[in-house]
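Some notes on the structure that comes next.
So that you can tell them apart, the chains are marked A, B, C and D in the order they are listed, and the count of residues begins at 1 in each.
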Amino acid sequence: MPDIGTWVGAFLSLAILTFLYRDNPFFRFAESLFAGVALGYYIGNQTNQTIKPNLVLALARDFSANWDLIFAGLLGIGLYFRYIQKVAWLARVPLGIYVGYYVGVTLMQKLHGEVLPQMKDTILPLSAPGLAAVWNILMVVGVFSVLLYFFFSLEHRGALGVASRVGILFVMVSFGAAFGYTVMGRVSLLIGRLNFLVNDWLRPLIRAVF
Amino acid sequence: MRRQLPLVMTFIAGIIPVIALFSPHPIVVNIAARADRWLVIVYAFALLLGVVSVVQSNSRKIARRDKGWPYAVVLLTGLTVMGGFGFLGNFGIFGGITTTPDGRPTPFQWSYSNVFLPLQATMFSLLAFYMASASFRAFRARNLAAGLLMVSALFVMFGRIPTGEAVPFVPMITEWIMDNPNAAAQRGIIIGAALGAASMSLRVILGIERSHLGLGRGE
Amino acid sequence: MQDRSKRRRLARSGSTPPLRTAFFPAALALAAVAGAACAPASAAAQGARTQAPLEVVAKDRPGDAGGRIVVTWREAPGAPASTYRIERSSDGTGPFEPVGEAPPRSTRFEDAGAPAGDPFFYRVVAVLPAGEAVSETTSAAFSRANWFRNDRTNALILVLAFMGLIVGFIEAARRGTKLFIRRISGLSAIDEAIGRATEMGRKILYVPGIQSMDEIQTIASLAILGYVAKVSATYGADLDVPNRDPLTYAAARETVKHAYMEAGRPDLYREETVNYITYDQFAYTAAVTGRMVREKPATNFFIGSFYAESLILSEMGQTTGAIQIAGTAEVFQLPFFVATCDYTLIGEELYAASAYLSREPVLLGSIKGQDIAKALLLVLGAAGVVLTTFGNPIVANWLTMR
Amino acid sequence: MHLVDRLLATDRRIIYLLVGLGALIPLLIPIGLPVTVTPPVRSAFEKIESLPAGSVVVISFDYGPSTAPENDPQAGAVMRHCFARGIRVVGMALYPLGGLSVAVEEINKVAAEFPVTYGVDYVNLGYKDGAQAAMRRMNEDLHELFPRDASGRPIGELLLMQEVRSLKDTDLVFSFATGIIGEWWINLVNAQFGTPVAVGSTAVGTPKYYAYLKAGQAVGLLGGLKGASEYERLLSDHYPDVARIYESPLLYTATQGMDIQTIVHLVIIALVLAGNILYFTSRIMRRSSPGGRRA
């Protein structure tokens, strides 16, 4: 006989699957429970795995090395100033710092880690032996035309129009390929779920009953 | 002050990682490392903002007996029970949040594996069905672009399964589509989007783009 | 800590005794002990000395965090050493400890275990078929922490050029230069989609992606949300912004509140307009799709950073008959939006959107600057392709990032 | 409405039913179809083949239970390969949504199949949040970042970790990633610190990783369940002992999953083809019918 946990899991899985037919009370129940439990899970997760070890324990165990974390805590508390009318504007400071820092990280990561290396790798010799030359030409044309499609400050007419139309064809081939490729991953998830329902719940159940 | 301070702080925080990329000096490295540590903590604090909002809106729903209010009860129950296990786990009550010393799951862990996970995985697996209905409807060769989309999707779908691989040239063509036109377009999109993201980032650092702070935009 | 482990490893590799010769053992021992400090005592040692590495110099390795010293030398003419052993001492007189070896013909060694600020004296021992020849001892070398990584000079130049272009065009725009931006179809459809919802008396659903404020797409999305909220407020349409990320939720509230104020309708803003659902991606998706089926919004916006939920949301929106406008830079979610939505902002268009919608010269200036940067990058790339084709990889090499 | 138009507007639920049956039937009645190996998988395999025994490979669990059906078999195959070659494994989890639980489960499961000792041949450092920040610090000091392993033991006590002070002491990072974390390994760790990185991605993430693979920023790539089944094939061909593990009927293998994949793919392909035939038929009929488009 499947254990109680498997029964709960199987019931909730089936409740979600019924949504494929139509909205119904089972789905609504599962959906609401899911939202609540998920939020509760992250309360446990964030307090146990971030606030406790990275802030509270760090301060308690070695204050002299980690005193700066007090400011991190203050910034975190600052987010709640928005509930106090008079100082509500101060809540924007931690938000601004958070956004600012990661935006800076993004700026560098995009330019240094994406734009330049990817451009470098597009610099291919068009004189490669055999078919490789054709594929290199295709790669260069593809990358360049897609980039030209994204030109905003010129109307897409004339040569730019042709280039951007070529670009959009490349994009379409790529989207099709990505879509087709993805089917596989999604089916894997379905397999995982059916595997659970059939092998963990249904088969033991049948064996127990008959 | 009210307008300027958040923007100034954005700017100061924003140039730290820029400098850190170019400077190996321990002082810079240390500042960047501290900033990383700080912000993880700030983010953890933010979760409560969401919790407050959820509790407020759902208790309002129950108090007013809005349509579907019993589901709000379900939600709050789930939140209280799971959140309670999780929060009390900080103090070792209910054995924490992972496993008890003898290897059995704590209530938190049990709910995670038997409630949270099945729900999450099943919701995710719905995608297999949606992919089928979306492709049935969207993959029609209405024009050249749509035709290319469909043909490349069909090739890749077919070429990635063993049956397709057994057909001569199909795996080769699939691999070729992925490596050439696909990689080229992806690269073009990545470069373009990265430039756009970099420019957007710069606008934020400079305080030109500020609608996320509720400060309006422009000058 | 790092330094210690490195040093330990170096010490270990250095402890394998290099081949000692059988010839002139006494002379060699003398040479090794006396080193460069004392005058050579015998003719044999004299002979070895002439084969010793020349011009030994020890210097801080530039552009690093400190802890590394580079030792360079020149091979003595006609004395091909089988290996070089690098030794150092902390006071110049000894004892000298081996810190590593360098292969034959090499002229450079990097000592990675030299804590910043401490003095080190180096000498290089050439291991020859006939014995060992010890070089002169260098003057004191110190490693120090540098402020600039010179191996990233190329990146710095390119980053500064990019910033310069953007800031330059923003300045130009401030001074009133007229700037053109082409029509972006997904964006032109926004007003119409909001109008439709107003006419039908149904909701507008705006999903700002599932990522937090550390994701630049979220920030781009909030800029568009500002516009959508403003138009909705003007029309008196009902806007619903459910959130997965708590920080994004906090920011979206500010954005929408401000937009309603700007539109002159702060009275229409309600607490529920921007709401928080739950932290898990799929729990959030379940709740939003449930909402779609029950409330049938007339218009759905999915703009920001999306992962697997993209198709669940947009396919559900399809079945409820909503007009859908999507936008993301997540390359592998784009196909799903393209297949299921009426308009999709692709990659860079997402970031250009706020400038396009606001029509503000300063923002338009940054788009122009970005376009010019792109054009220059294409020119650089094209030049690189031509040069590489003719066997000169200079551009590609220069673009190599470290 | 004409039959063709009615078929074109087929209720979604019929499509759902076809997909559901297509997945369920092969699960109940296994088929067993052949597998061929593609270059990205082979290069990942060869990278590990090229490492001498005693090398250290970081296995990063950057996925959660939601993509475990795809990533688990990948991580399992790569770890089996490492253990079979005497390569030591440092496990860690950077994915917040359950990365730790998959890491614990998968590492324990695979380690139990080999004569390996915890702390000597493999360790599990557990979960760390803030993946990007963590990666930056990893290159400096792993011990500061992960003071304790997944079960709470100080990592200084683990023999393997006494040798591995930082990422610099490792030979390869293999990230099994559901989202962007694998990319961070590439454009942060590989780009800035030079450690070779290979990725096991979900099928959906794979196209993006192709760009990195082509650019030489990644040394190998396993795409989805398909990539895992190819890796299982290579392993089974090269290591008879591992082949025996895969033959066990109790183990859910990627190869098994591929059978179901095949059927569902064929169902979807048939649907797309049918959709197009119907679409063109209805266009031709409209053009030939006197009422034109409005009919």
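By our rule, a residue touches a chain if its C-beta (ideal position, glycine included) is under 8 Å from a C-beta of that chain, and two chains touch if they have at least 3 such contacts.
Fair warning: this is a prediction, and the values are worked out from it, not measured in the lab.
Distance from chain A peaks, on a Cα-centroid basis, for C.
When chain pairs are compared by contacting C-beta pairs, A-B ranks highest. Chain C and chain D, compared by their mean Cα positions, are separated by 25 Å.
Measuring from the averaged C-alpha position of chain A to that of chain B gives a distance of 3 Å. With centres defined as mean CA coordinates, chain C is found 20 Å away from chain B. Of all residues in chain C, those touching 2 or more other chains are 152, 155, 159, 162, 213-214, 216, 219, 247, 250-251, 254, 277-280, 282-283, 286, 308, 331-332, 334, 336, 338-339, 346-349, 352, 367, 374, 377, 401, listed in ascending order. Residue positions of chain A touching 2 or more other chains, listed in rising order: 16, 19-20, 28, 30-32, 34-39, 41-42, 45, 50, 79, 92, 95, 98-99, 102-103, 105-106, 108, 111-115, 117-122, 143-144, 147, 150, 171, 174-179, 181-184, 186-187, 189-190, 192. Contact of a single residue of chain B with at least two other chains is seen at positions 18, 21, 37, 39-40, 43, 46-50, 54, 112-113, 116-117, 119-121, 123-124, 126-129, 131, 133, 135, 137, 139, 149-150, 153-154, 157, 160-161, 178-179, 182-183, 186-187, 189-192, 195-198, 201-202, 204, 212-215. Here chain A touches chain B in the complex through residues 4-6, 8-10, 12-13, 16-17, 19-20, 28-48, 50-52, 54-55, 68-69, 71-73, 75-77, 79-80, 89, 92-108, 110-112, 114-115, 118-119, 121-122, 135, 138-139, 141-147, 149-150, 167-184, 186-187, 189-190, 192-193, 196, going by the rule given at the top.
Across the complex, chain A is touched by residues 13, 16, 19, 23-24, 27-28, 66-70, 96, 127, 129, 132, 187-188, 191-192, 202-207, 211, 214-217, 223-226, 252, 257, 260-261, 264-265, 268 of chain D. Residues of chain A touching chain C in their complex: 16, 19, 23, 27-28, 30-32, 34-39, 41-42, 79, 82, 91-92, 95, 98-99, 102-103, 105-106, 108, 111-113, 115-117, 119-120, 122-127, 140, 143-144, 147-148, 150-156, 171, 175-176, 178-179, 182. Per the touch definition, chain D reaches chain B in the complex via residues 10, 12, 15-16, 18-20, 23, 33-36, 38-39, 65-67, 98, 101, 129-130, 132-133, 136-137, 207-208, 210-211, 214, 226, 258, 261-262, 264-269, 271-276, 279-280.
Residues 152, 155, 158-159, 162, 179-182, 184, 213-216, 219, 247, 250-251, 254, 277-280, 282-284, 286-287, 289-290, 293-294, 331-332, 334-336, 338-339, 346-349, 352, 356, 367-368, 371, 374-375, 377-378, 380-382, 384-385, 388-391, 393, 395-396, 399-401 of chain C touch chain A in their complex.
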